[in-house]
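Have a look at the structure that comes next, please.
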Amino acid sequence: MDTHIKTGGQPVKPYESNRARMLISCPDGPGIVAAVSRFLHEHGANIVQSDQYTMDPEGGMFFMRVEFDLDGLDGRIAALRSDFEAIASQFRMQWNIYQLSRKKKLAIFVSKEDHCLVELLWQWQAGDLDAEISMVVSNHPDMKEYVESFGIPYHHIPVTPETKREAEQKQLEIVGGNVDLIVLARYMQIVSPALIEPYRNRLINIHHSFLPAFVGGKPYAQAYDRGVKIIGATAHYVTEELDGGPIIEQDVQRVSHRDDVNELKRIGRTIERVVLARAVKWHIEDRILVHQNKTVVFN
Amino acid sequence: MDTHIKTGGQPVKPYESNRARMLISCPDGPGIVAAVSRFLHEHGANIVQSDQYTMDPEGGMFFMRVEFDLDGLDGRIAALRSDFEAIASQFRMQWNIYQLSRKKKLAIFVSKEDHCLVELLWQWQAGDLDAEISMVVSNHPDMKEYVESFGIPYHHIPVTPETKREAEQKQLEIVGGNVDLIVLARYMQIVSPALIEPYRNRLINIHHSFLPAFVGGKPYAQAYDRGVKIIGATAHYVTEELDGGPIIEQDVQRVSHRDDVNELKRIGRTIERVVLARAVKWHIEDRILVHQNKTVVFN
Amino acid sequence: MDTHIKTGGQPVKPYESNRARMLISCPDGPGIVAAVSRFLHEHGANIVQSDQYTMDPEGGMFFMRVEFDLDGLDGRIAALRSDFEAIASQFRMQWNIYQLSRKKKLAIFVSKEDHCLVELLWQWQAGDLDAEISMVVSNHPDMKEYVESFGIPYHHIPVTPETKREAEQKQLEIVGGNVDLIVLARYMQIVSPALIEPYRNRLINIHHSFLPAFVGGKPYAQAYDRGVKIIGATAHYVTEELDGGPIIEQDVQRVSHRDDVNELKRIGRTIERVVLARAVKWHIEDRILVHQNKTVVFN
Amino acid sequence: MDTHIKTGGQPVKPYESNRARMLISCPDGPGIVAAVSRFLHEHGANIVQSDQYTMDPEGGMFFMRVEFDLDGLDGRIAALRSDFEAIASQFRMQWNIYQLSRKKKLAIFVSKEDHCLVELLWQWQAGDLDAEISMVVSNHPDMKEYVESFGIPYHHIPVTPETKREAEQKQLEIVGGNVDLIVLARYMQIVSPALIEPYRNRLINIHHSFLPAFVGGKPYAQAYDRGVKIIGATAHYVTEELDGGPIIEQDVQRVSHRDDVNELKRIGRTIERVVLARAVKWHIEDRILVHQNKTVVFN
């Protein structure tokens, strides 16, 4: 692909082949950190980075992210996982281990507004999003050539009130079990519960307001009408409740009475781009744990 | 008063005695700026600062703030006002002239939380709020000695469900026509429409959230429950609609999952203090024009 | 050009054909605003937006930006300019009138790092930079195909210590008198005084630090070594003094001990992009006046 | 003391009597986290919060902060410390354990500008600074009554070129070994190396600029002359190099050409207050580790 500057989707770096990240959520109690770190030490792993957080010292939830190196990880990961079961069950943990050599696969959904997609592709190309972009899905054909020029497949699936169910079925088939994360990069259709359920906490949306202010449509017009002095954007995991899922990241910028709705949109586009890219990056780097309707972000 | 550091309520500075500010709102049309500036020039005034804003070039509203010097202002202000009537009526203006030598008189309402009051008094003492503080009104007696140590009268007017009407009557009598601006510095009672009406656009409240998110009570608890990543505060003019009046200023700060409700409150106190003080300062300096439910702030 | 989403370089909008902006700098004195606004009114112009600023009321400098509509502007602009000479000379004004229908012509200089160029092209494409991009000039060939895919000429002028003078000569010839603004979008060569002089206050550079901290090379490494908690970027007009010209815009972002030099660079790239794009936009919209080594930005 | 609102210096809360924090710096290597957490677990301690950071996975420095609960801490802390020696020596650790029940003792140095002192006292009074304020030391008598009204001793030690050495001697005697942290809250004298040495990494200064921009005197005048668009403040540990010590915290605020030096100072005062208070709070909460000339802040 000639017209673009760098090739995204970098190869696995040497140090990555032996590195993994472990995410743990469980009820708090004594000895968790000791048990996990002793387990890793005894299995020959070296902890590179470790973060913990206890929601409430008296009987709350405990969250942990450990990044570690282990020589010959590929050959030993299965045993590591199976050995860990004893600790996990003792502390009633929800847990996962992610190898850095297994790049996450992304599907990006987009409608007509392209700024969030362009930003993700630009960051991916610059090597800042360490993932594979498996496909772009859109209800419009507009971005086809642009996306394909990156060597990324583009699926145009039109959505009309009549074809909505059929379109959703098609989307499900395409993303199937093949992607790890779906990113709604200003995808202006409400996604089907059939997509939300299998991608719970793996389906990120960018909402163009500082949630929970201005839920629903036309948030910049709402913001203008209310006369706010700061506007924002919110990246969140999608749940069945519209704009109600766990918030991952938000950012804002100051505006003034001089900014009309179009100017708010223009300013907002940069906030949206930055906020969504951060949320996607943190998800890719396994920095986010979800508990009930809130996120713990270790960054 | 000995225990405090500086004396607030500075005397009129020499340049202030001949300086005034004019605020104008009117339907937009050709020749307004020319008419106003020619009028001032012909009356011997020198424009020091001038700001205009047109909400929509095609048939919208026009807003103007002019700061000017005029020798012998005190003796000529009456004539200036009466001469301006012709222009004002030609362009259907709402307008006002404020002399800098006439310091605005403030009444500050407060309940138990003292941080906003303390900030206003500290800024006033430091010479940053160029006004008189005529009184502090509270439904609690706690701050009496502290406030009186500044030489400011403190009116303790208890409010209970039974005495609410009577208390409001008392408040009205005390502030009467004697103050120019009422500041609700974390006054935790809903103020009476009888107070709102005469002090329309002269009654500022600080709401401890980024409005319109978290209208109503316990906004920090609401923010914690929603898991927002940024919290804020909003200063607005009070209208009959709860937390719905014209927004003057907002500011925010980043928070994380580590911050519980108490930490949000602690962080929020500093935002509230700063936002309220800015809004009060801008009102005192005649920088705010209100149109429908929005503000134009020339700063 | 097919692979891109929208066509940049929008046509002149209807309202723009009769709109102009006037920038004025002069010693302060009575009657300036009145004279200018009366002049415009008497010539049939309608002031859409007007900003003034006096650096020091007693004998300082006065700055003014007026945006106005005048029917049949194209046919009347010459007379307007010549009529204004009397006022300009009376008040010793430096002044200019810019018609919105005359889009400014930009030359963008870039080296290997592409993020600032990509941002400018993206904003231009999205219609947010209301200018023509006449050419991109680079000391590297890397971006040639990308830039040309937008229909923009790309001039590859290699620079080595031996060919520096010759290369500068070539640059001068190419930009000649043909462009209105040169943007150094991470152009990593020191530009020749022969280019600075004719483009004084029309040559914008983005410096990748919060100036005046970290003047010169490798500012992110400098910032890392100093252990700062906030990094920034600075857009400024280029003068003969390295990184010493009038600052147009700056912005910052919080960092922590966790961010190594590469992470600072990554975070910095987004700040640089946004800051440079804002500065270019403000220049294009005639919002910037320069006095000595400082800018007045009416935004 | 009657005129103030709340009593600062809160008593030890129940949960604090059994809680401690451990700070560790050492060369990185395998097994550190495991060794520390196993040690604590085996001694019956429960880890409440734990943070680690490795400056460079390959042979860099390792930093750790652990907050833990241990029943009967007071009676067991001596044994805990002595038992830990084996681990500490194995990993060549620099380390410390701080009991929350031992409130840190502060000395605040101040000159004429009172805003930072007032903020610290206000936050202390509000219960946000969990420490004892043992004394205020000043080269001016102005704040004596104000400080004493909080029940805090005030030492007026005048400093003139002639008496400088003698004054420093007096300061040393007064703070002696009796305080844990010295805060220079806009103390406008250069402090003696004799004070710096014993209080290395326990002596915090607030510098009224965004360091390393505007080192030395009159930073707001320097900032005004340079025409920066953002100003800031920096809290840092004091070293022998003027304004060159490890940076703890910085913050900034946007300014414009309209802000003269006095306005920059006014805006700056609020930044200074907030930044210094944060740095002091983090030091009190044992969140800061210093390595060479940089800080690791776990917050």
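Note that the chains are named A, B, C and D in the order they appear, and that numbering of residues resets to 1 at the start of each chain.
Please note the rule applied: contacts are C-beta pairs under 8 Å (C-beta built on N, C-alpha and C of every residue); 3 or more make two chains touch, one makes a residue touch a chain.
If you want to know which protein each chain is, UniProt gives these names: A, B, C, D = Formyltetrahydrofolate deformylase.
What you see is a predicted model, and the numbers here were worked out from it, not measured in a lab.
J.: What's the minimum number of touch steps needed to get from chain A to chain D?
T.: 1
J.: Which one of the chains is farthest from chain A, going by Cα centres?
T.: B
J.: How many Å are there between the centre of chain A and the centre of chain C, using C-alpha atoms for each centre?
T.: Roughly 36 Å, centre to centre.
J.: Give, as an integer number of Å, the spacing between the C-alpha centres of chain B and chain A.
T.: 43
J.: Going by the touch rule set out above, which residues of chain D reach two or more other chains?
T.: Expected reply: 53.
J.: Examine which chains touch each other and state the graph shape they make (line, ring, star, complete, other).
T.: Here the contact pattern is complete, since every chain touches every other one.
J.: Report the residues of chain B in contact with chain C in the complex, numbered from low to high.
T.: Interface residues on the chain B side: 15, 29-35, 37-38, 40-42, 46-54, 57, 69, 254.
J.: Could you please specify the touching residues of chain B with respect to chain A in the complex?
T.: Going by the criterion above, the answer is residues 53, 56, 210-214, 226-230, 232, 246-252, 256-258, 260, 293-297.
J.: Residues of chain A touching chain C in their complex?
T.: That would be residues 2-5, 114-115, 118, 122, 126, 128, 142-143, 145-146, 149, 266, 269-270, 274 of chain A.
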